[in-house]
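Structures incoming, each one as structure tokens.
The same chain A turns up in both complexes below, where it pairs with chain B and then with chain C.
Take a look at the complex of A and B:
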């Protein structure tokens, strides 16, 4: 379903969504984050990309799984803690972040469903904002199966076509949101459709970066397990993990107990983000470490996204947001690495 | 509760047996679920044991699925959780979730000779298979066991091993000479090379330290065992048990759900990150 929403009506529509917790990009010092808003009169014109991707809504960086305590008889008692039942609308989601959540669903929903992720995902309404102009210099979504006007993982996509948004309503959830403010939505005309299409074409021509034939990298990487590129490229890695923490698809986590009191026993079991880039991530309690060095850990990050996930799900586990390229303090660049491994073929 | 894969069931430790003392202690814990339910599993599968307040550890189940009265875990004291478990007393309550992993394909081994080759605490996962095969001996051919440890006191299940000798060939070994030790002295692969088990109609099941597994596989390959006649288990650090947390990932596999049991034919195609 396609609609038109005047920019001046955005706030009125959002005003009808009072049953939801609404999140929108807000500026924190020099960067953008999704924060809860009580009203939303406009999506900011200078908005680029949030720092922490949408995954934080479905997989928070710290989440209590259950509480435990000694009951009156002295034995322990476990109390499940599920995410709050609250429907959430996030506005201004870029295509890369929405696709990130869609890819995470393959891992968290398809086999042995993760009840925490599932509940948060089911309560999440994604109102996307297409990318024209591109939000960042390091965007490369177009070469990894996405695009500046990608709709995957969204319920609604808004595209700025001047004084109004071209509105693509993509799912029943999206229809529900539109119905709540139906009086603000109009039918698009041919000119609106052409405006949207022209902007999408222009946006597609704006990319500085691409992974050349990204879909063929799995076949190349398959032969590069022992290649020296992992050592040379990881040499300057600081093991900070920012490439994975801010990745829309990285999802590794730790599970740990937080103890409030040892006697009587009282505490919480929590899950927190973790990263394959930390040395102790894979270290056995014996001290043996299957991925003992930076090169094997960089290899894991890239192989997981461009080979292992492709073997299992037939898709690349990278949405081209460019954060790992932009945020790495020492300039380790997945695009550059993957474009160079071409020449290693054979 | 069942929908939540992270929620443990409470279990009571009904007996604790000290298998090995000294600086590398091993204890066997027998447990029962508090709700009286059975914990169904297959040989070679693991369970996540919670010591609430300390965390969780993935431990292989060393009892047979045919044993209806208890689950047994034989645990080497090593990290935070296993150390806390070693401090616990009979009657203490732990959490259990699982079972996890694929298990051994016993249904494919009917009529075959099973050769068990274990080292140290690595006897625990294959003990479950051995106990099961012993109870269904008519389904299998000849059973035999090779088992070794650093010293005679490091051997687990000492009493059971003594009794087992009446039923099947048991070839024990210790790494270095000790007064009074009449059996093989040397590493497990050397003992296997010395006894030369036949690969005819046989399956070799090996578990132990990574270095031992490596040389056991080399040794039995030299004896003529084919890759699909060799089974082992892979252990990696695990947190979730359901292929999500990323820790036990090797290539496209998650050891917690696609393993821990592998034929060498399969394992040799995966990256050596274990």
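Take a look at the complex of A and C:
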């Protein structure tokens, strides 16, 4: 379903969504983050991309799984804790972040349903914003199956066509949101459709970063487990968590017990973000560590995205948001690495 | 002006003669002309070395990293490692020498002077260029910074684009080196502790609010710790790796391991992490400012260290990293040390 929404009506529509928790990009210091808002009159003109991707809504950096307590006489007692029942609408989601959540669903919904993820995902309404112009210099979604007007993982896609948004309503959830403010939505005409298409075409020509034949990388990487590129490129790696924590698809976690009291035993079991870049991530209790150094960890990150995930789910686990390239403090560049390994073939 | 050709030539000579096992220096990165740290091992690659205002990284970190790497090897290459060092990098080397983490003969220091300039703050540049990508950033005359955008040359005053750490720095040339490039130009920053003093002027409540807002944003990616050349502990309390778990270690013994901090990025835990780090850096931090530069959330980490730096100066007249022979601040006691805080 296609609609038109005047920009000046955005706030009125959002005003009708009071039953939901609404999130939108807001500026903190010098970067954007999704924060809860009580009103939303407009999507900021200078908005580029949020720092911490949409995944934080479905896979928060701390999820309480259950409470536990040792009731001396009554024995141990476990109380399940589920995410709060609250429907959430996130505005201004870029295609890469929405695709990120769609890819995470393959792991947390399709293959082995995770009750916490599923509840958060089911409660999430994604209102995307297409990318024209591109939000960053390091965007490369087009080479990994996405695009500046990608709709995957979205319920609604808004495209800025001047004084109004071209609205693509993509799912029943999207329809529900539109129905709540139906009076603000009009039918698009041919000119609107052309405006939207023209912008999409232009946006596609704006990329200055590309992974050549990304879909073939799995075949190449397969032979590069022992390659020296990992050592050369990881020399400067800090072993910090920036590339993975800010990645829309990285989802590794640790489970920890947080004790409120050791005697009588009482506490929470939590799931927290973890990353393959940390030295203790693959540490076995025997003391053996199969990814003992930064070169094997850099390899792990890239192999997971462009080989292992492809083998398991048939898709590349990278949505081309460019954050790991932009935010790496020492300029480790996944696009450059993958383009260089082309020549290693054979 | 530093003549980079001289640095390249020396690096090349050291490698050709086999005097060093490698040269850690700056080479151009892949995106937008920002330098990256690089280990050069082949003499012909020395030509790639650069020295410009994007050489932001403290290369002393890689001396630490390589030392740890060598400890793991059965037959390590015992030749020294050559490293390009700015003023702040050289002070970090001094602390490593002072604490006997490294010996002087393990490093060959190619000292480069920042002269009357310094390195740039990427956020400031991005802001000034309204998001446009800089093609080239280099030193201009009188400490100015030349930024080339779409083949147009723009000249910025250092005040506009240099990192705060450089604007507040008085060690703009190396204090320890084997080779020296550029000029020693004395620089006196007008107000090195202006930001600390501003924060101190706030009420307790306002300061608490300030730090709570800062700490709440921490993702605990540990980039600040990982980039710090002074954070060289084999095991950090925040993510211990040597659980010293043997096949015979019982579950009970494992459970008894002290947990200093929760992994969750809760406000309380974030405070513990940052305060533990700050305290461990008292009298050791050389204010290279890398912790703040790398923070993806823009947390004012430097401010914490700067406060302790000023305390060390005020109470003990101590400045970290200026003398590798001096006793380190926290392992020394002098009868003249102030004790008026005891009553």
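Here, the second predicted complex is superposed on the first by the 344 of 346 C-alpha atoms of A that agree within 3 Å, B and C clash if a C-alpha of one lies under 4 Å from a C-alpha of the other, contacts with A are read in each partner's own complex, and residues count from 1 in each chain.
Note that in this section a residue touches a chain if its C-beta (ideal position, glycine included) is under 8 Å from a C-beta of that chain, and two chains touch if they have at least 3 such contacts.
In this text the structure is predicted, and so the values were computed from the model without any measurement.
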| query | Looking at the overlay, what does A:286 touch: chain B (first), chain C (second), both, or neither? | reply | both
| request: Would you check which partner chain A:330 touches, where first means chain B only, second means chain C only, and both and neither mean what they say? | output: second
| task | Once the structures are superposed on A, label A:252 by its partner contacts, choosing first (chain B), second (chain C), both or neither. | result | first
| said: Under the stated touch criterion, which partner chain does A:80 make contact with: chain B (first), chain C (second), both, or neither? | reply: first
| A:276 contacts which: chain B (first), chain C (second), both, neither? | first
| Touch check for A:180: first (chain B), second (chain C), both, or neither? | neither
| request: Return first, second, both or neither, reflecting whether A:43 touches chain B, chain C, both chains, or no partner chain. | output: neither
| message | Output the chain A positions appearing in both contact lists, the one against chain B and the one against chain C. | response | 254, 256, 274, 283, 285-286
| note | Interface with chain C, chain A side, in the complex: residues 28-31, 48, 51-52, 61-62, 137-138, 235-236, 238-242, 245-246, 254, 256, 258, 270, 272-275, 278-280, 283, 285-287, 289, 293, 325-327, 329-331, 333, 335-336
| Parts of chain B lying in touch with chain A, wherever the complex brings them together | 1, 3-8, 10, 34, 50, 52-56, 78-79, 82, 93, 95, 210, 235-237, 239-240, 242-247, 249-252, 257, 271, 273-274
| field | Sites on chain A touched by chain B in the complex | value | 65-66, 68, 75-76, 78, 80, 82, 107-108, 111-116, 225, 251-257, 259, 262, 265, 267, 269, 271, 274, 276, 281-286, 288, 290-291, 296, 300, 303-304, 307-309, 311-312
| query | Can you list the chain C residues touching chain A in their complex? | reply | 29-32, 34-39, 57, 61-62, 69, 123, 126-127, 131, 133, 217, 219-223, 225-227, 239-241, 243-247, 254, 262-266, 290, 293-294, 296-298
